[in-house]
Amino acid sequence: MPEVIYGETKEIEQIVLMTRKLLDETGRTIISRVPTEAIEVLRDVFNTYNVRVHGTARAVVIYKPDYVHRRTGGQVGVISAGTSDVPVAQEAALIAEEMGCEVTCIYDVGVAGLHRLLEPLRNLLTKEVDAIIVAAGMDGALPSVVAGLVPVPVIGLPTSIGYGMGGKGIAALLSMLQTCAPGLSVVNIDNGVGAGITAAMIANRVARARSQQSQ
Amino acid sequence: MPEVIYGETKEIEQIVLMTRKLLDETGRTIISRVPTEAIEVLRDVFNTYNVRVHGTARAVVIYKPDYVHRRTGGQVGVISAGTSDVPVAQEAALIAEEMGCEVTCIYDVGVAGLHRLLEPLRNLLTKEVDAIIVAAGMDGALPSVVAGLVPVPVIGLPTSIGYGMGGKGIAALLSMLQTCAPGLSVVNIDNGVGAGITAAMIANRVARARSQQSQ
Amino acid sequence: MPEVIYGETKEIEQIVLMTRKLLDETGRTIISRVPTEAIEVLRDVFNTYNVRVHGTARAVVIYKPDYVHRRTGGQVGVISAGTSDVPVAQEAALIAEEMGCEVTCIYDVGVAGLHRLLEPLRNLLTKEVDAIIVAAGMDGALPSVVAGLVPVPVIGLPTSIGYGMGGKGIAALLSMLQTCAPGLSVVNIDNGVGAGITAAMIANRVARARSQQSQ
Amino acid sequence: MPEVIYGETKEIEQIVLMTRKLLDETGRTIISRVPTEAIEVLRDVFNTYNVRVHGTARAVVIYKPDYVHRRTGGQVGVISAGTSDVPVAQEAALIAEEMGCEVTCIYDVGVAGLHRLLEPLRNLLTKEVDAIIVAAGMDGALPSVVAGLVPVPVIGLPTSIGYGMGGKGIAALLSMLQTCAPGLSVVNIDNGVGAGITAAMIANRVARARSQQSQ
Amino acid sequence: MPEVIYGETKEIEQIVLMTRKLLDETGRTIISRVPTEAIEVLRDVFNTYNVRVHGTARAVVIYKPDYVHRRTGGQVGVISAGTSDVPVAQEAALIAEEMGCEVTCIYDVGVAGLHRLLEPLRNLLTKEVDAIIVAAGMDGALPSVVAGLVPVPVIGLPTSIGYGMGGKGIAALLSMLQTCAPGLSVVNIDNGVGAGITAAMIANRVARARSQQSQ
Amino acid sequence: MPEVIYGETKEIEQIVLMTRKLLDETGRTIISRVPTEAIEVLRDVFNTYNVRVHGTARAVVIYKPDYVHRRTGGQVGVISAGTSDVPVAQEAALIAEEMGCEVTCIYDVGVAGLHRLLEPLRNLLTKEVDAIIVAAGMDGALPSVVAGLVPVPVIGLPTSIGYGMGGKGIAALLSMLQTCAPGLSVVNIDNGVGAGITAAMIANRVARARSQQSQ
Amino acid sequence: MPEVIYGETKEIEQIVLMTRKLLDETGRTIISRVPTEAIEVLRDVFNTYNVRVHGTARAVVIYKPDYVHRRTGGQVGVISAGTSDVPVAQEAALIAEEMGCEVTCIYDVGVAGLHRLLEPLRNLLTKEVDAIIVAAGMDGALPSVVAGLVPVPVIGLPTSIGYGMGGKGIAALLSMLQTCAPGLSVVNIDNGVGAGITAAMIANRVARARSQQSQ
Amino acid sequence: MPEVIYGETKEIEQIVLMTRKLLDETGRTIISRVPTEAIEVLRDVFNTYNVRVHGTARAVVIYKPDYVHRRTGGQVGVISAGTSDVPVAQEAALIAEEMGCEVTCIYDVGVAGLHRLLEPLRNLLTKEVDAIIVAAGMDGALPSVVAGLVPVPVIGLPTSIGYGMGGKGIAALLSMLQTCAPGLSVVNIDNGVGAGITAAMIANRVARARSQQSQ
């Protein structure tokens, strides 16, 4: 499991320090919610490393030159309800990928237009994903709808999109907790990292079971 | 618009008093949330009147013998997400009917099984309903889904079904307030009377417009 | 029903992209909560289009040169309690107008001075409005007062005006949800777009009924 | 100022003990929220005293046989929005009376029917009341309306009437705290005793000023 | 009663417009929470008027040259718990003064050092104040302590001082609402204007009673 | 996935009706939160069926005589923090078993005595469980501790144990949502059924992968 | 440190079982919040033991016949604000005594009558208490007042006394958390056991230091 | 006990004024949460004094040149869960040191890696600390874990680290209030000063007892 540095509340020096320590230990460092002003510093400091900036996901991943990406065969699906939910969804997707999974994303398929959901959902199932992350803010209805349609564990990922009463993701989280659909568990608002790790852990266990047996 | 006596927090004597006063003034009295022990009292006291007990809706309507039911031609749809939401949905339906509307009900079509929703929804639209009440507790997702599918004003009616965080209808109400779907307004948790009045007011205005013009 | 771009949480490029797409599809794009710095960009990018900036409502509407405004005959009333509620009220009015309604506005008639309310309310009724939007922050009492005085569906539109306990529109929203007045349903705090769509949907249904019959 | 025993959370023996102590010290004891089963006990134990039971206000006042009621000349008005608010309003009225004030009550004049309010309010002003208590649950709008109409200090007394979101008096209290009307201060939900004491303190100060000067 | 312009959420032009209107009508305008950048504008625009800036209270009062200050003889006390509560306390004091009262202020006498409170409180009583405003943030305990010590109506004025759980004045307000002391009513957090008006209304009624009788 | 009847809010007749329907369709019915008075009724009505009452879990499962239990090979662990958390933990365990999993339970290993946790946790890992449910009320710290110690997906199951601020499971749920440990997702308070289904879905997917490959 | 059985949420059999286990291990068992119906059962089952029932504290302590009470010399003070706070205060006192401390109690000295507090507080200090527990519901102001007056660690013990907004101890707890007084830490609402343990741990450390040195 | 100036909500001039006053009275001034821009001012104004800036703790302490640091012999432990909790933990440590205690700090030992905790905790106990402050944000689980492992009074210090539901320290505080571990009391979120004072008061009492006896 990757240790992820949560950049938002940290000083740049702290980030650099922790990044170097993790690089030494594991050959790779993932930093989420990177402050914009830290990106150039990281590029400079780690200019002999492989620095990948994931703009939408607000994340940076740095690899040692000899870092080898391992594929686990785990299959994860990521669905997001609205365009504003995409950054959090991308963060989750990135984490799952860094944990070796193949990730299939479906964006912008909110409950207000269910017809747009059914087709891509069917495609997802044919890929045999073993866990689906559904990111949604506002009414947070999408994860319940998805969990009602597919026999796959769904991780509800509420996003801080929404205003007024129940805003900032509160309504979305509460609605997911109150779901009537089976197989839906949740993580906290905007916790893309947590959703990604949980989904990848599930998918990787299945993938490992498959491959172990096939040997 | 009918004045409705909210029975739950009133003494039986108060209910009887207010019932008699309204009967004298309007020829009909609607009492919602009637305490069980009040029903027999009402039957006794008003035994020369027409007393109708609506068990599921927990309501009693009493009419003067010569009360004439007027039909307005208003068409209202009522949808409920789960079996536990039916009493509140029935209360709303009863009120709309007492306001002269024809009411079409669809029960038990939660988000966890969307396929059960589409067919009856299509039937509803062919009836040309002018307002749809959607009662839902728990995740409260159904009103958003319905409002996303039909071009009719939807009144979200959260019910106090649900437990834990966001329970007692809180998550349902918040999710409806945060809806992304157009044309959805809400009333308070378990406010079947309010939903019924609003829907009937809308439907009756349309019906009146139709009939006025046709004369 | 118009699809409205919520500008507040979007990047300018996203707004431009979505605007162009909607213009192509429907000939008109409405953007609410437009970030100030986006307005000039929109004027530049769409300089061959008809760009209307609604300052108070913080909205921009862009039309294809050949866009034809259709009038539905729907009549909507918009009332706001205080001067600080006007922007949200205007947003609602704008949406209803873009949906073809004629909108009559009454501003600055709070509960603390009820005498200022009665006269313009009477004028509103003579216009035969079919839905009234009442925007109020602070104590949120005005929608209840209006709904108690007129036999027209009222959409309560709480605004984020207010401070301390129950501030940011919370007290206003809760007070509207707890209303004793008949025919009042609500939308979320500052949701002028939602209130406008709901009111226009109601008014347009009535108007259509009128005109269909008259043919 | 009378010390009032809050009966609701006390054992009967505790109530009897405290009652006796206060009777000895002051010649009178007021017990609010008296548990039903305590009333007969109080009648029995203090059968040589003057025991007055105020059913609606859920209060008991016990006087020594030689207790002399003093009138201060203070004038207090008490208004309640709905029938369910009457018990709390009565509690407030009782306390003000026991503090020597003359109390004028207006019941059942909610915001949903403002026309019923204006006439009795005018009568109240001709009585020259120096403080007005306005009890209201649900939307809690009435105190704001009253404070906007009269130049007299208003004490908002929210009652625990209301259900769903903002229920149990929460919306009423918050709406009063957010009032736009001048001269409105509030006490906690159902705190009839507190409202009564505050109103009587104000009225008695004015009355004393009047009488002191007239000597 | 003075109409007060709440400056915080208004545009400078709006403030200027409303100021001029009120000046014309009443000869004086009070603006609370004046944005710093508005002060110079007000000085410029109304340079033929008497412009008084109350820095700590964040208020500006503008008078017509011929405006006559009337003294009512009303006596109001203002107490503040900590140095951070002083601005809100000053706002309340200013309003009471503008309503003609004489105001006596005691600052920085929190519950954590009760010995500092008793002496000045005694002085206050010898002044025969008819209403005391007690401003307190944090634990909000001071108003209860004061109301327990003096037989004068106390207006609890919670301030938005405080952090963490119950911060921003929430704990202070709740503690005041839960007071065991008699004669304490409250206004919303930071509502210095409301507290000032209520206190002055009370004090002025007493003063008027005194003077009317003495004639 | 089994459809589970939530007995708590249903009438006995409703339960019987739904039970019979599910028995006909699937040969088995699981009823959670069975009201005590319903148990004997169920035994009577379904006396030709196999009725198993799970006292601690407050659940009843009824099977057709010819119902065949299928074992999936899925391995699930269930841990509970305190004795009061056991009923909810048992409910989760029961559901996982009915979905074909083998369930290993560890009870009474709260954070206040971590030494009691480590040994049984090690045993759990040697069983190769693929999902662990951790039920905890009060501080809700145990799921975070467990997720920090094992590389297995953990489903946090807050229970409604706890009092005062953060009571009824609120603190437990929030603490789990705020976890720093990787691989922890949560369900709502007391949602043993949801936790059981999610864990079993994960374990069964892994088990199926194992067996499919081994063929 | 004594392990305390929280009786409120446990079955009688569970209590008996846990009681026996603890008696065997430590010679003494403390059961808090004992359900009334459990007391006789405990007396019966443990009739050869020394069973002490503490009625007000709602606790039972059972000792082996040969149990030796050890005095530590620790000195703890317990203060309660109102009569309704006494049970929780007594619970705290009992626990501290069972941990070997001498406990001095002061009851019924709320903030609304500070003069009653000063004298007994002075007596407490002459006893050289090393920790003071202050139990208070409602406004929760007393702990702050005490901590401001004495240089001894104070443990704030909010009780669930209070109604309306901030009721059930919420306002009391929040006010204590927001205290301006030094040396005040808090436990949860009604957690007399926790307050007692903390106070006794502090007092016992000081006592041990004293005695160790004197040897 | 040191009086501490809370710098965050004060003007620089106020800080300077209060600093000078305290320096005159006690020879030392501690300012917490010093605004960055105030530091240079303080250095300038008090350039003949000994000014120590504690960057991480965001505090400044200023001493008269002849100020004598007294050591009490009190031993305090400070533990922080994550790197983001260190500033608040340092603030607490600083206060305890300024009160004469020796403070031992353990940083970055969260629940997600319990193995890192046990060793340093053992070292802490060998130092014979008499009070331990445990700072934690997010899930707030560490104080419960520590209090379950050591027989020393623990002061839970929640920090405002955390996001989404239960964020800003809310979940941490609630989880600590709900602890099952004995001897844990809490202060408000980010209240390092309060935690430091409480811990030092306890430790100093023990130290004084030791030394008094040894004389």
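Which chain is which? They are A, B, C, D, E, F, G and H, in the order written, and residues in each are numbered from 1.
To be clear about the criterion, contacts are C-beta pairs under 8 Å (C-beta built on N, C-alpha and C of every residue); 3 or more make two chains touch, one makes a residue touch a chain.
Note that this is a predicted model, so its numbers are computed, not measured.
**Student:** Could you check which of C-E, E-H or B-C has the same interface as G-H, with more than half of the contact pairs identical by residue number?
**Tutor:** B-C
**Student:** Distance between subunit C and subunit H based on Cα centroids, please, to the nearest Å.
**Tutor:** Result: the chain centres lie 52 Å from each other.
**Student:** Quick check: how many Å separate the C-alpha centres of subunit C and subunit D?
**Tutor:** A distance of 42 Å separates the two centres.
**Student:** Nearest whole angstrom, what separates the Cα centre of subunit B from the Cα centre of subunit F?
**Tutor:** Centre separation, subunit B to subunit F: 37 Å.
**Student:** Centroid of subunit A to centroid of subunit F, CA atoms only: how many Å?
**Tutor:** 27
**Student:** Considering subunit B alone, which of its residues make contact with at least two other chains?
**Tutor:** Correct list: 164-166, 170, 173, 177-179, 182, 188.
**Student:** Got a list of which chains touch which?
**Tutor:** Touch list across chains, by label: A-B, A-C, A-F, A-H, B-C, B-D, B-F, C-D, C-E, D-E, D-G, E-G, E-H, F-G, F-H, G-H.
**Student:** Report the residues of subunit E in contact with subunit G in the complex, numbered from low to high.
**Tutor:** Touching subunit G: residues 81-82, 110-114, 137-141, 144-145, 147-149, 162, 164-167, 170-172, 174-182 of subunit E.
**Student:** State the interface residues of subunit E toward subunit D in the complex, per the touch definition above.
**Tutor:** Residues in contact with subunit D: 1, 130, 151-153, 155, 173, 177-179, 182-188, 194-195, 197-198, 201-202, 205-207, 209-214.
**Student:** Which stretch or stretches of subunit B touch subunit D in the complex?
**Tutor:** 9-10, 14, 18, 158, 160, 169-170, 173, 188-191
**Student:** If we count contacts the way the header does, which residues on subunit D are in touch with subunit B in the complex?
**Tutor:** Listed in rising order, the residues are 83-84, 161, 163-166.
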